[in-house]
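Structures follow.
Each of the next two complexes has subunit A plus one more chain, namely subunit B in the first and subunit C in the second.
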Partner chain A sequence: MAGIQWVNILISVGFLVAMGLALTLLLVIAEKKILNYGDCEIDINGGKKKLTVRGGSSLLSTLSDNSIFIPSACGGRGTCSYCKVAVSAGGGILGPIERPSLTDDEIARGVRLSCQVKVRSDVAISIPDEIFSVRRFRATVVHKKPLTHDILELRLRLVEPPVIDFTAGQYIQLESREYRGREAVNRAYSMSSIPSDTGHVELIIRRVPEGICTTWIFDILQEGEEVSLSGPYGEFRLTDIPAPAIFIAGGSGMAPIWAMLRKMRESKDPRPAWYFFGALTQRDLFFVEELRKLEGELGNFTFIPALSNEPPDTPWEGERGLITDVVRRRVPDLANREAYLCGSPGMIDACVRTLVELGVAREHIYFDKFA
Partner chain B sequence: MEQVTSSFVLSILLIFASAAFTDNILLARFLGMCSVIGVSNRVNTSLGLGAAVIFVTVVTTAMNFAVYHYLLVPLGLEYLRLITFIVMIAAVTQLIEMIIERLSEGLYYSLGIFLPLITVNCAILGLSLFMLNKPYGFIQTLAFGAGGGFGWFLAIVLISGIREKIDEKRLPPGLAGPGITLIIIGIMALAFVGFSGMIKI
Partner chain C sequence: MKQSPEESAMLDNFGPSKFSGDGFLGTDQRTPQEIVIDDTLELERAGMVASVIGRSLGVFFDRVRQAMGAPVEIMPGVTASYHESRGVIPSPFRGEGAFEKGEVAVSGLPGFGDVILTRLSIHLIERHGFFQGRGQRYRIEPAAALMLTRASGR
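Showing the complex of A and B:
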């Protein structure tokens, strides 16, 4: 009796193991055989660059394996819609995951989410030339300096490659590491450092409650530690014409503006400039002294901090109220004004509406929207 | 001889109809609910998911029929049918997904992307287990699988049609989404009770 039971147990265990192994083997072989697309050629910008790659992976990861870094923040899940690339041939059918991220105009131009396009055959794509200059850097943390209760300045020293070539207003993508069960992510941060400081990158970062990357930066990352980043990305930059410039940004949105203003000081840029710094209360302001100093150094620069939530009984003598109201009151009425905005989509949309009402040409409003 | 053939065809049709209507896997057995609640908000996606389910039920009931009768029964391992069927279904759907992806991108986007959802759909497993309770041969089992899948297809398409209409109406916030879907499924299940007893197999 006992013997029969043992035989039964052995047969059933053996059967399950054999079945599991057989099916696993079948799937592994099938993946090798069925999903093998062989070598494919990626043609970038009409023959400017040609890559021969193994097919089967997403266009985004295939390109980054070949040191071409398309911006991406969601890890290839098709949700951040940063990784848009115009695919002129071999992109296949537009998938249902991409559809909501693309406008009709983009679809007509063949724009796709490169994380959702699988390289199955020869592909032809076009990407902005700036992407070619995007590099992946290793850097060490020089300091984490608190600027307010929830904003800090992160200064990084580049290790490999040791220098970065960028324009004030551009951004990088910082790669967080895995911690406490949260996955590694890529997040975009504008550089607040001056381009002439080629060996360093400075970022201004606000803590996002429950944010995967900012929690890592604030709580886990230590000074001296090594991090990875890629960049520079983005087309947010000062124009070459010395038109009067209106800057509007609050909180960590100051980063690209801070770089632009210091760049203007460095190159003795003569354009008149106004900077509207929107914050909730006095404790949310930072760099005020430096900006005041800049008013003297730049010659034609006005710094206007505006508090929207400051209690009425405090000794604050600056502007109060919503940033759009302050802009409406204080914006100079000059010809050819240009505006540079950085912040949340809500703040940008409201400010663009106000500026257009005030007569600023829509095509002269440049902005960098937080995703 | 002719008599025998026509009665066989009739039995196939009856098995299909009973699996689709009187014994509707979703509305009479309440299996495969999670993907119905999740995916039934658009008719288009429901059509794709439903078609994928029909396809997979036919293939997996056939596979599991063979595995049960030619492997499990001879080895005396009938009691392992549950775990065997789960693993078989998971492997087969993955394999089908790969084949579809390779064969046709259009088919992949209309059908293939739903296959991972189906891997863990209990309606598929349910059909494979229920088929063992019936004295069916291989052809009849195919009809049973196809009928079960078709019944699920019919149910999710009908539900999504109603949900698309309801989306335009104002609902109490607490009822929106899964809440109203469950109510719709309940009312539809009552309607399907009308079919019960119509076909006796």
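Showing the complex of A and C:
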């Protein structure tokens, strides 16, 4: 009796599995035959580049398959809102997943999340020209150098391709590996290295409590290990106008500024410059000696570290207070100057308010906001 | 309890992901709905609703963030400071967008110790009454949120 029951169970299971496979096969065939969108054309930047692609996939993955890498951190789930692209034709209807990630202005300009746009017909899009030069890289870790109690410098040597062409101020996306049940993720970090050092990428990284990627970098990643990254991304950079420049950044926000300042030294850039380095206490400062040395080398450069939480009884003789107050004290008239900021949205918003009050034209304030 | 496909899909968003290493439920065995019900009842007993707490915590978050990392005293022995972090984290409720990652750390809150606030955790409280699961770093006990709201309003 029991044997017959087992045979029945096995036949039932086998039948269900067979049905499942048949349905899957049917769906695959249906997708190929019925949902066959055929070849579609993607027109990028008004005909600057045209791709003929097989329709049916997301715009993000279709572009990626054609070596055009739009930044993304969620793997195409429509949650990170990094993969924004302006779509002027063929994008279909704005989906409910996208709506909360877009401002009214972006919607008016046709901006979409490329991971949510399906290529079902010819599409016309606009992307920053810099995206064309984004590549995927393999690299090895040269060193992990502690800079403070919670910040380190990560130096990578590029393996394949062996060189990167970037502008000081741009960023890369580093790919972490799976560890302790954590998924592999992509996270953005500004490059602190000089563009002329084409074979290396340096990053300044602050440990984020429970952060998936920074925990991996600080605790798991070893010197000599291979990593993957993509880049360069971003439009934050020094302008060609030799107007006096104010730099404001602290913590890991110093990365793009450090690259810009060293690039200025290398190119013998004569513009007067001030760098306001905001930190809590002396233990949060780093590269102080290097920046002091840069004062002598750049000629017209002033380095101003400022501490907002240094105990009053320490021998610190530098500036104290919020960085916005220090800027106000040290450079009271900022008309005809440019400003370059990097940091958290709160810090950027506060600094922009102060700089505008002090006379900097809003359109001459450039920033890389941590968002 | 049986779950609809929609509920199962939503529950997936509360687990560990590319953005939240521990997910939003921590070690809590309750469903998000059960957590919301329990916390709502606790707040009701205190004569408060989550949306008001959320709005108040939002104002508090902004005030601390303006100090750019410097500690802000909330009450004697209790300070809060803002810690920056690059990037955004999406809401586990699909279609609500992504929120900046920086956090406000409150230390020494009597009876609760350290409490962490983020733009997302405040949004989840204000919009859904969801204080997150126990054992989760960003879980805020309703009583702690209430204390913080009252202290920061002084």
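The rule is simple: the second predicted complex is superposed on the first by the 329 of 371 C-alpha atoms of A that agree within 3 Å, B and C clash if a C-alpha of one lies under 4 Å from a C-alpha of the other, contacts with A are read in each partner's own complex, and residues count from 1 in each chain.
Note that in this section a residue touches a chain if its C-beta (ideal position, glycine included) is under 8 Å from a C-beta of that chain, and two chains touch if they have at least 3 such contacts.
Remember, it's a predicted structure, so these values are computed and weren't measured experimentally.
Novice: One more residue to check, A:210. First (subunit B), second (subunit C), both or neither?
Specialist: A:210: touches subunit C, not subunit B.
Novice: Just checking: does A:364 make contact with subunit B only, subunit C only, both, or neither of them? Give me first, second, both or neither.
Specialist: neither
Novice: Just to be sure I read the superposition right, which of the two partners does A:79 touch: subunit B = first, subunit C = second, or both, or neither?
Specialist: It touches subunit C, and subunit B stays clear.
Novice: State whether A:347 touches subunit B only (first), subunit C only (second), both chains, or neither.
Specialist: second
Novice: Give the label of whichever partner, subunit B or subunit C, reaches more residues of subunit A.
Specialist: The larger set of subunit A residues in touch belongs to C.
Novice: After superposition on the shared chain, which partner residues are touched by A:330: those of subunit B (first), subunit C (second), both, or neither?
Specialist: After superposition on chain A, A:330 lies in contact with neither partner.
Novice: Between subunit B and subunit C, whom does A:92 touch in the aligned arrangement: first, second, both, or neither?
Specialist: It touches subunit B, and subunit C stays clear.
Novice: If we overlay the two complexes on their shared chain A, which of subunit B and subunit C does A:200 touch? Say first, second, both or neither.
Specialist: Once the two structures are laid over each other on A, A:200 reaches no partner at all.
Novice: After lining up the shared chain so the two structures overlap, which partner does A:144 touch, if you call subunit B first and subunit C second: first, second, both or neither?
Specialist: neither
Novice: Taking the superposition on A as described, I'd like to know which of subunit B and subunit C A:20 touches: first, second, both or neither.
Specialist: first
Novice: Intersection of subunit A residues contacting subunit B with those contacting subunit C?
Specialist: 96
Novice: Quick one: which bits of subunit B touch subunit A in the complex? Just the residue numbers, please.
Specialist: For this pair, the touching residues of subunit B are 71, 75-77, 79-80, 83-84, 87-88, 91, 94-95, 98-99, 101-102, 105-106, 109, 113.
Novice: Would you mind writing out the residues of subunit A in touch with subunit B in their complex?
Specialist: Of all residues in subunit A, those touching subunit B are 8, 11-12, 15-16, 19-20, 23, 26-27, 30-31, 34-35, 92-93, 95-96, 120.
Novice: Which residues, counting only subunit C, touch subunit A once they are in their complex?
Specialist: 16-19, 21-22, 65-71, 82-88, 90, 94-98, 100-103, 137
Novice: Quick one: which bits of subunit A touch subunit C in the complex? Just the residue numbers, please.
Specialist: Contacts found on subunit A: 73-75, 78-81, 96-97, 99-101, 181-185, 187-189, 206, 208-212, 215, 250-253, 278, 280, 308-309, 322-324, 343-347, 350, 370-371.
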